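Several structures are given next for inspection.
Two complexes come next, and they have one chain in common, chain A, joined by chain B in the first and chain C in the second.
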Partner chain A sequence: MMHRRLFLKILAGGFLASCAPGELASSPIKTNVLRPPGAIPEDLFASRCIRCGRCAESCPYRSIKILDLRHGFYAGTPVIYVEKVPCYLCMRCVKICPTGTLRKVSQKEVRMGLARVNRRLCVTWKGEGICRSCYNACPFREEAIKLDRLRPVVMPEVCVGCGLCTYACPVRPKAIVVEPIYAFRTSR
Partner chain B sequence: MGLTRRQFIKRTAALTAASLAGIELPKGMQEVAQAADVDRWEPGVCRFCGVGCRVYLGLKNGKPVAIKGITESATNKGYVCMKGMLFYKIIHHPERLKKPLYRERKDQPFREISWEEALDIAARKFAEVTAKYGPNATAYYGSGQALTEETYLFQKIMRAGLGTNNVEGNPRLCMASAVGGYLTSFGADEPIGSYADIEKAYCFFIIGSNMAECHPVIFRRVMNRKLSNPKEVKVINADPRVSPTSRIADLHLQFKPGTDLALLNAMAYVIVEEGLYDEEFIRKYCKFKVGKPPKDVSFEEYKEFLKQYTPERAAEICGGNITPEKIRTAARWFAKSKGTMSMWTMGINQRIRGVWANNLIHNLHLLTGQLCKPGADSFSLTGQPNACGGVREGGGLCHILPGHRPVKVDKLRHQVEDLWGVPRGTIPPKPGYHTVAMFRAVNEGKIKAIWINCTSPAQSLPNCDYYRKGLAREDVFVVVTDIFPTKTTELANLVLPTAFHFEKTGVYGCTERRSQLTVKVVDPPGEAKPEVWIVREWALKMAEKFEKMGDSRRARNLRICVKDFVGKEEGYELPKAIWDEYSQKLTKGRDNDLSGATYEVLKQRPDGVQWPAPTKEIALRGGTYKKFVRGIDPLADEEGKKLGISGPYVFYGPAHKDHKLYIWLRPYKGAAEEPDAEYPFYLSTGRVIDHWHTTSMTGRIPELLRANPYAYVEINPKDARRLGINPNDMVEIETRRGKIVLPAKVYEGPIEGMVFIYWHDMHEERMANRVTKDAFDPGSKEPEFKICACRIRKVSGPKPLKPYVVGHKR
Partner chain C sequence: MSKRPKRLRYGRWRYLSLSAAFLLILITPLLNLYFHFTFIQGWYQSLGIGRLWIVSPLEGLESLLISKYLYLPSLIGMLIPILVAFYLGRVFCSWVCPISFLHETVDKIRAWLFRYHPITWRDRLVLSLRLLWVALIGEFLLSMILGFPIFVFVSPPGLVGRELMLAIIFHSFALEGFIVLAILLLHFVTRRFYCRYLCPLGGLLAFLGQKRRLKVRLKSRKCSACGICEKVCPLGLPVNRGGSYSPYCWNCGECVDYCPTGALKFYWKRSYYLKPVSVEASKARSGNPLPDE
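Showing the complex of A and B:
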């Protein structure tokens, strides 16, 4: 016969083991895993979001995914995996969010993150080839990504972090990634 | 955002530092190590655009695993674009066609058949059609991507074997106007100079070309030239659309589509008015011509003609951002620089006055003498890898025979007949159908059997819906040779699988008259065969059929056509024999003399050979960097002596008997279909860097498809605001031919009142050529893809779209 305490311990242990490591109580937001447009800071996000899932429902591109139980405290909140499906900035989710967790920002005010070019991976920076995929994919072409002698350079003042560039990048691992630098109030 | 300015700066600074340091290095190093893990590197030429980049194909255990540029190359200096870097994935792609496919009727499914049966069907059909309706009911439609050996052999069989000039190819859609321009202005086809002039030029005049996207590797050289010398080197870009090419320009002339003829004439006006012309060059080498048939006029008459195109008047016609001052500046830079190089592509060629537009660019060079000296050239860029080498030189169009010989010139036609050993009179003196006429003839049922090789006219013809009706006719027998299923194989009766690049041997001739050899290194998949083998076997089978039908003349001619090729191994020996015949016999004594450039020489010469290269010694030195210049061009020395012409330049071009260059008086003429109240927008089409033409190849490379999964329409922000169109909204483009629906990109690219669409998408809803217009230039017969009138309207908000490539499973 198993004691109630042991049973609960095993149950909790099993649950913890099945969780994404370290994401039960800490934010899932990291490189290329971002909150939808207009999100309030990550410190407050999970407590403000009521997990209604309407943002994900409204997303015509299925960019927004809802985190499952394995993410513990963050389960039910929306994220965008830009490597899988980036954000096309249709701005439907921000209009539909009932709580203001996604604030009603305009396309240009979105700051999901900031794209970063890895110059050791990018074929153009390495001088091996000529690629313009991120530049062409960028919704703010010539504003958010500019070309310096054909090499992509991100303009931090304009980049919204939609991840279209990351999605388009033909290099493995991705030579341009989106860092969620605005998600956290304090520097981590 | 709860982020102070200081925090923001701190974080972005940290990120910038991270990008410089490359914090993901360990993983990245793995990738690099993998790429280097190659058994051997085999040299060849890139399969895609007309730049002619030299590449190494990396093999591991006999399998292609990587491609890299060759650093010592004269064309690309080691650079390649992503298409070039990734096309090794096509070589063993699982969706490749591997067996001949056949169906009696076009509504039936295909069934796999043997080569024996396939060739028998093809031979029987072509023989029957020839017997019943005459040879002109058969046609060949080829490609600027086929190897020179292939185009040459195909046209030889059609002309000398069947006896028809119905030999065309997709270069008609891309550079026919450039050919017309070179022939009428200089008397000889193809550019005088080379890429090597880029590093010596001081002014670039780029008009009607988005070379940053379509010839990226050459653009890199232009950009480097500009940036290494930013003050001295000027770049002028004339284009109705602000393109990535415009970014390096000192002066961007944004005019209304179709007004370029006025702009070019106005530049000539400024050059003449301000006395910037080279009087000696004009007196010694030029003549002024007008009309058809051409009539000589004087310089004074030319000056009088130009008075219609004062910069003030032209600025009015051109609209956009054009001011008289801008035209004057452009003309001054053009004329005064130490070496001016013009570059253009489809924006000039794909026009109903494409030849005239070409002439007007040449005029500027002739007036100012910006020709034949280092860094100065009127340089047409070619779209396809072998449009120059295979089709222009190899006789792949209805009006030309190999070696730049017009069909209608008896002497030259008989020369070819003699060289081939067929009786005189075998090749008809009348040119065949040009591309649009050919497909119209298919629609009308005048052509009963057509062989389409290495191209997809069902998608690439303008107004393609109309022409697809013809190809879908049950009484038209369609053979398609290709490596993948396309929009055209969907309309075929017989689909024959062919070998891809590096799976067969042959020569590509790029933009700068440079012929480069790619030798077979891997076997084609399944039963795929090189085209040269297919054509030879088909010809032999046809000979049998004709014999049975009692047409012994055609049977004999067909056997003569392939007699030197019978029994040769198709991977190397057969193309070598064909190249030997073509280069040694057909180009000898012509302006594109390649008789020095044998396979041995081409293998020895890493960078290939630029014609004219009449001897082995010259070919081994790389051939001729600049035509017509004494001391550089061996033919200039030779012809100059023969003709008794003194001076540094000898213009021996075969089309001008007086050995002069012509400055043409060409009036301004607009597009065939200008916007009106009903269809108020200009519609233009173009390419994107990551995709090649109809995406049958690049659409199957996951990295490239991901980067550009579908076409979109570029709309000027002002127009978008007026019509309430937001980025990614679905927009309907409607013309008099049909309508398509594409997502919008609102972007300060196209001029106000113009929309721009990419034409690579295969999806019916987004296929650009369903709406383009099939009006064509009366001279070059090249259709006006670049301009038609359309109206646009928002149909819905953003909608997720799926990429579509025929026969592609993801």
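Showing the complex of A and C:
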């Protein structure tokens, strides 16, 4: 045991220089950084996930990435960076998760987060032009994103938080982002 | 010299089995990436062959203890490795584990380059084998205190598979790969240092395999106490003093291969709870059960 401890200590010392100490024990989930579909709440996620990485392996779009040791206790858990590759809701990962960390949910029951339109950044809301990239990209068009006089409005009851809208948004910084509001609900 | 071709039988088969197991986790991500062949997925943390899931018992148990949540597919997936360990002992460690494959490959390279041989090798640091239990219990206690599974992302048997998957699919390595390198470096201090003293998965499988059916039997009458078995045993078990009956033995068959007198043989204990037939009774039944050598 001592050698692994010692080794880990040396390793940890190296990381502390490169990343904030608080990051080791705090969840990596934040705006546009989401858990895969069907994930159980964040307070149990890291303890139930066995880090087998099969969700990442089965993901045909390579949306799911595996965190590395720099994320401390959350190392090895899967995340989706929707700005890089969003989730296309193929629902393969939920079928193969061996521990039930990703629950078997249908496409419409997925709640990875909730899309939020920043009206100060959105071209259409500012009245500078007509863009409906997010509306076109949404897998539940006219249900999750509706147009209010051509301006996009998110329906929170329907939005699954897949991030396709964020990925499609041409504005920098993104005018529509996904907030993982469901990940931090306390479970049970 | 007539016995010569019979030697190194188990060693050959074991290396073949280890190579096949390593190839499986190497080829699976390649097939997945280039041919969308998803029938076989994962590695030795969680392996999916069609609808059959195999979950590593240590990771599954840790996840179960920490999240206090029973999930049936996970329990069923743990059943196969547990049954294998129950009947055959730690065979996963010596016949399947990719870390074992890397160790044996390193040994082959050393034998080729530096004329390394287990009989002439001397372990630099020898500790008590009980350290394995400390590793297992300490691992569970620490994860339960912290509330996070520790072993899952530094578990070397799973790590090799994950590194291979990351390298093939994402074209990157995770930092944890250095743990594998560290383990291989420790191997140059003491043979199988990590497997002997530190591996919690090995500890769990050893615990499950305490009453295993498959064991290496020592025929004391044939034994000349040459001590070769103890030298070649990757775990340094004192085989000629009953080491192969201890829970640590992982049935690799190395001692059986090297034993010059043939005193060591694999045997399958029919039932653990039946008393062995005494010599007198077997003599009475069949005229001469123990022919003279």
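Rule of thumb we're sticking to: the second predicted complex is superposed on the first by the 168 of 188 C-alpha atoms of A that agree within 3 Å, B and C clash if a C-alpha of one lies under 4 Å from a C-alpha of the other, contacts with A are read in each partner's own complex, and residues count from 1 in each chain.
Note that a residue touches a chain if its C-beta (ideal position, glycine included) is under 8 Å from a C-beta of that chain, and two chains touch if they have at least 3 such contacts.
Here the structure is a predicted model, which is why all the values come from computation and not from measurement.
Within the superposed three-chain model, A:Val123 lies in touch with chain B and out of touch with chain C [touch as defined at top].
In the superposition on chain A, contact is made by A:Gly53 with chain C only, not with chain B.
In the superposed model, A:Gly100 makes contact with chain C only, not with chain B. Shared-chain residue A:Ala75: touches chain C; no touch with chain B.
The wider contact with chain A, measured as residues touched, comes from B rather than the other of chain B and chain C.
In the superposed pair of complexes, A:Arg62 makes contact with chain B and with chain C alike. Judged by the touch definition given at the top, the superposed model places A:Arg149 against chain B, while chain C stays out of reach. Under the contact criterion defined above, the residues of chain A that touch both chain B in one complex and chain C in the other are 60, 62. By the touch criterion given at the top, residues 41, 60-62, 88-90, 92, 107, 111, 114, 116-121, 123, 127-133, 135-137, 139, 141-142, 147, 149-150, 156, 167-173, 179, 181-182, 185, 187 of chain A touch chain B in their complex. For chain C in complex with chain A, the touching residues are 29, 32, 36, 38, 41-43, 45-46, 48, 53, 55-56, 59-60, 62-63, 66-67, 69, 71, 73-74, 77, 131, 134-135, 138, 146-149, 152-154, 158, 162, 165-166, 169-170, 174-176, 178-179, 182, 186, 193, 198. Against chain A, the residues of chain B that register as touching in their complex are 1-3, 7-8, 10-12, 15, 18-20, 22-25, 27-28, 31, 68-69, 78-82, 84-86, 212-213, 216-217, 220, 223-224, 227, 244, 247, 688-690, 703-704, 706-708, 727-728, 745, 747-748, 797-800. Across the complex, chain C is touched by residues 1, 3-4, 7-8, 11, 44, 46-54, 56-58, 60, 62, 65-66, 68-70, 73, 75-76, 96, 98-100 of chain A.
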